[in-house]
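Should a chain be cited, it is by its letter among A, B, C and D, assigned in written order, with residues numbered from 1 in that chain.
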Amino acid sequence: MWIKGRVTDQSSIVPGYYRLRLRVPVAFGARPGQFAMIRAWDTYDPLLPRPFSFHRLLPEKGEFEILYKVRGRGTELMTRLSTGDEVYIRGPLGNGFEIPHGAERIAVVARGIGIAPMLALAEEAAKGGVEVQSFLSAKTRELLLAHAELEKVSAETFVLTDDMPEAKDRLVTDMLAEVAAHKKFDAVYVCGSRRLTRAVASLEMEYGFRGYVAMESHMACGTGACKGCICKVRGEDGEEAYKYVCKDGPVFPVRRVVV
Amino acid sequence: MPDVDLTVQLGPLTLKNPVMPASGTFEYSEEQRELFDLARLGAMVAKSVTLKRRPGNPAPRLHEVTAGLLNAVGIPSEGIHHFIEVTLPALAQIDTTLIVSIAGDSVEEFATVARMLDPYRGQVSALELNLSCPNLTHGVPFATDEKLMRATVEAVRESTTLPIIAKLSPNVTDIVKMAGIAREAGADIISMINTLIGMAIDVETRRPVLGNVVGGLSGPAIKPVALRMIWETSQSVDIPIIGMGGISNARDAIEFMLAGASAVAVGVASFRNPLVMLEIVDGIESYLAGHGFGSPKEIVGLAWKERMV
Amino acid sequence: MPDVDLTVQLGPLTLKNPVMPASGTFEYSEEQRELFDLARLGAMVAKSVTLKRRPGNPAPRLHEVTAGLLNAVGIPSEGIHHFIEVTLPALAQIDTTLIVSIAGDSVEEFATVARMLDPYRGQVSALELNLSCPNLTHGVPFATDEKLMRATVEAVRESTTLPIIAKLSPNVTDIVKMAGIAREAGADIISMINTLIGMAIDVETRRPVLGNVVGGLSGPAIKPVALRMIWETSQSVDIPIIGMGGISNARDAIEFMLAGASAVAVGVASFRNPLVMLEIVDGIESYLAGHGFGSPKEIVGLAWKERMV
Amino acid sequence: MWIKGRVTDQSSIVPGYYRLRLRVPVAFGARPGQFAMIRAWDTYDPLLPRPFSFHRLLPEKGEFEILYKVRGRGTELMTRLSTGDEVYIRGPLGNGFEIPHGAERIAVVARGIGIAPMLALAEEAAKGGVEVQSFLSAKTRELLLAHAELEKVSAETFVLTDDMPEAKDRLVTDMLAEVAAHKKFDAVYVCGSRRLTRAVASLEMEYGFRGYVAMESHMACGTGACKGCICKVRGEDGEEAYKYVCKDGPVFPVRRVVV
């Protein structure tokens, strides 16, 4: 779909991080883990739309939210958006998260802005009666984005920030391991950190859940046309091949990706 | 206002309108089909295909620069067999002219791929030669070396009865000469321009940004260069030109036609606005109608034809 | 943080810092002097001067394109006599290295102008050869023809004891070859790139926008091409390079240096922000200090030097 | 001077035409007929600042106004400016209008947006006790921009719009000729139309006033550096040469310019 949306709200959560709510004029059947290419400018500098995950899906209002971090020219321009402004939206794109059929408990593991797609997932899981446990990591307590919102739909929330003394020799996935030792997770989802992704991949073996990672890559088209957004993925046979984050992903089985 | 007939004749090739995607920038995906009926395009142009399966370049493959995109995708390809078995039947469903772009590491590879596609003349309307990939034995791109250019086009000419579109690289001193060689060697149509070679460096890592170090620059940044090359070439070489390079709206497309392009292709702009090709078709039609022209060919090269009067 | 010494050595030329204006884009006017002390520039570079008085091209001479400027100014010049009598004494007041750009319609004209400037060795520190203007007898620019390039640099070499900067055109197939020829013929330094040839057409009048039909494209649009050419050239030709082409801030300048430029020049960006050259000097200094470098030369070509380790 | 100014007011006068008021932080000794290069964007598309005449000089407030017509990307972006926004200003540039010493009566002749520099001139003249007669032309009555403001400082104002029946075979300069036949003008200033410029040039001979025209040209630097903004000017000897609108102008003796 290629549509003009309208800003219904924008607010800065902490300096450099914004939550943007957009209204779309048509039914927009997106799933958590999918993303949209968004362009909020008419100039050719910046040129291309930028990819953003759905942070919150509000189909009954015809709206969705994204949570974004200011990185360069595109996101800088987005901070100037205010209610009523028009943005171009291509989406929903990509495969989205899968919640295994009959799952009873899942975990989300995220660092920093990697939280963005996780709220939508946790909200959907909770709505479907699936228990959610959240494991959040960030540089500082302040940068535990959407912490409160996630807590609301999580049975338990574990946080570890770099400024805590125990963060010296621990990752938030160590906390996951401790919980997993006595509680069965059907699936674990990770986003926002290579280290955490690798950790989840190794815990997958040990605890037998299905692990998924939401990948990032620079994108131009978002739809498989430009062949730009590759990541390396191992096939069943162990052979590595390029896959396209936009079309084959952005969500991949965590044991398959080469990170 | 006169009735406008958008049909264009490109040598042996007839298109229902002069607007098509640039090779490598458009796919026949489900997402795309939902957006609009691809039969509304003047032609469908497929991503360059090679003889064997190739992975393409390492990441990162894309880097946005000011008003342009650097791409170092390379030519990832499933190979010609997969193309013929899987991709072609799908593309053949689209009710418009199909142009297949072919590429290779050697003159022989180009010829072989052309020969393998010849039996599919019913579905494929023309072959476009992506001459910008570097030749393996000589290390320079086919399109920047006079001998390689001639040899490749000649070899393909001998291997197929399909119309040949030679795609020129802008990275040359004398584009008119290269176009002339392509024509002499048997090309029916010229397409231009492919990307300008560029690069970017990350000042923090102090390394080239792209996995392949250098990449191809396209988008609005290259439009003035593309226009100038088409202006020069169309006045000297008497085969039709498909113009491309930064076309982002109908006005741009009309500039290219006034400069001497008989048809236009759109690359990066479709990433910005996936409906842009339809807008360009409509925009050309209303420009023609509004200015008293009955068909696209009446404005081709007008910027120099009218000057000469 | 180490102390940074911004001095750079370009072959025989010493500059107090690596930042200077690009020829033809900066003037020693009163308005400019009010803005900042020109002695803060690494060098002053004058607009190309020719032997005789020339009016330059007809209007319009300027056309803004996406992220770039097309200029068809030509080389309006008051001629070398006026330059020596009026312009030079004024420029000589500025307490920095003075580079004089010279141009001509023939090899002889270049040599003559160089010879006439030789006596002013006290005031002029180097000659830059603007090889992008077309040669009158052959019709092609000096910088795109191997023989003309060689002949011109050789002729100037014989006519002057001043350091010679050969300014290369990007409108060539093989920039490394052209740079190598300039070096062999006696150039001490290379400056690159001059503008890419481009054009624009007015869809309402259906004529080229510029009075001269084609013009030179500069500004951010050409930056990736400039960087790539400097990257290639600096790895093959062992004389220093002054890099330019779209540099608009300190980050851009540092990219050019990492690619292999020993100094940088700023053109169009000064029109956007007349203080940009000072900001670039300061930005280079703090980048060097912040990354533990003591002088600009330590980062020259690092993007390929570090890769090779 | 190169400074950051701030928008203190912007309003649309008629569709497509705006009046923008800017505050500059330092004393800004501009004269009517001079101009500023203004950039109201950080993007590289559009790239360069655009030249605008001073429409009104308000040095006591540290402000000036420009009156502009939306033409392309730059002026389109300018319409989005609102109070408090920053713009970059280089100026004052160019030579400006000269009011001959001891002048008692002048005329301003303008068409459309050509009125922009004339208000500043008329206000300065009126303040100095010089009588101003205004001759305004436009497509429609609505497009007689700044008409009311100019009337306030003019002894008489004559208007002729293309939609008036008498405009068929008359120019507003014909009205000037009628007045000039019985009133002496020391100087006449024209802007915004080639036809009017030519008419003023021929009236100059007949009525002996000094005629001045404010020229336009595409500009890049605005300061004489780029050699881009040429117009053809006849020297004393009648020989034509290129002059730079930004540095030698924008105001030229009307009999000198080749239009």
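Keep this in mind: a residue touches a chain if its C-beta (ideal position, glycine included) is under 8 Å from a C-beta of that chain, and two chains touch if they have at least 3 such contacts.
Values in this document were obtained by computation on a predicted structure and should not be read as measured data.
Visitor: Check A-C against C-D and say which one is joined by more contacting C-beta pairs.
Guide: Of the two interfaces, A-C and C-D, more C-beta pairs touch across C-D.
Visitor: Could you tell me the distance, in whole angstrom, between the mean C-alpha positions of chain A and chain C?
Guide: That gives a centre separation of 47 Å.
Visitor: Just the number, please: Cα centre separation of chain C and chain D in whole Å.
Guide: Spacing between the chain centres: roughly 36 Å.
Visitor: CA centre of chain B versus CA centre of chain C: separation in Å?
Guide: Inter-chain centre distance comes to 34 Å.
Visitor: As a quick test, compute the distance in whole Å between the mean CA positions of chain A and chain D.
Guide: For chain A versus chain D, the centre distance works out to 56 Å.
Visitor: For chain B, jot down the residues that touch at least 2 other chains.
Guide: Only 66-68, 220 qualify.
Visitor: Mind pulling the residue numbers of chain D that touch at least two other chains?
Guide: Residues 44-46 of chain D each touch two or more of the other chains.
Visitor: Could you tell me which shape the graph of touching chains takes: line, ring, star, complete or other?
Guide: Graph shape here is complete: every pair of chains touches.
Visitor: Show me the residue ranges of chain B that touch chain C in the complex, using the header's touch definition.
Guide: Its residues touching chain C are 65-68, 70, 144, 171-173, 196-201, 203, 206-208, 213-214, 217, 220-225, 227-228, 231, 246, 251, 254-255, 258-259, 287, 299, 302-303, 306-307.
Visitor: In the complex of these two chains, what residues of chain D are touching chain C?
Guide: Spelled out, the residues of chain D in touch with chain C are 1-2, 39, 44-49, 88, 90, 93, 217-231, 241-242, 247.
Visitor: Please output the residues of chain B touching chain A within their complex, sorted ascending.
Guide: Touching chain A from chain B are residues 24-27, 29, 31-32, 34-35, 47, 55-56, 59-64, 66-69, 71, 73, 76, 219-220, 248, 268, 270-275.
Visitor: For the complex, give me every residue of chain A touching chain C.
Guide: 44-45
Visitor: Along chain A, where are the residues that touch chain D in the complex?
Guide: 41, 43-46, 73
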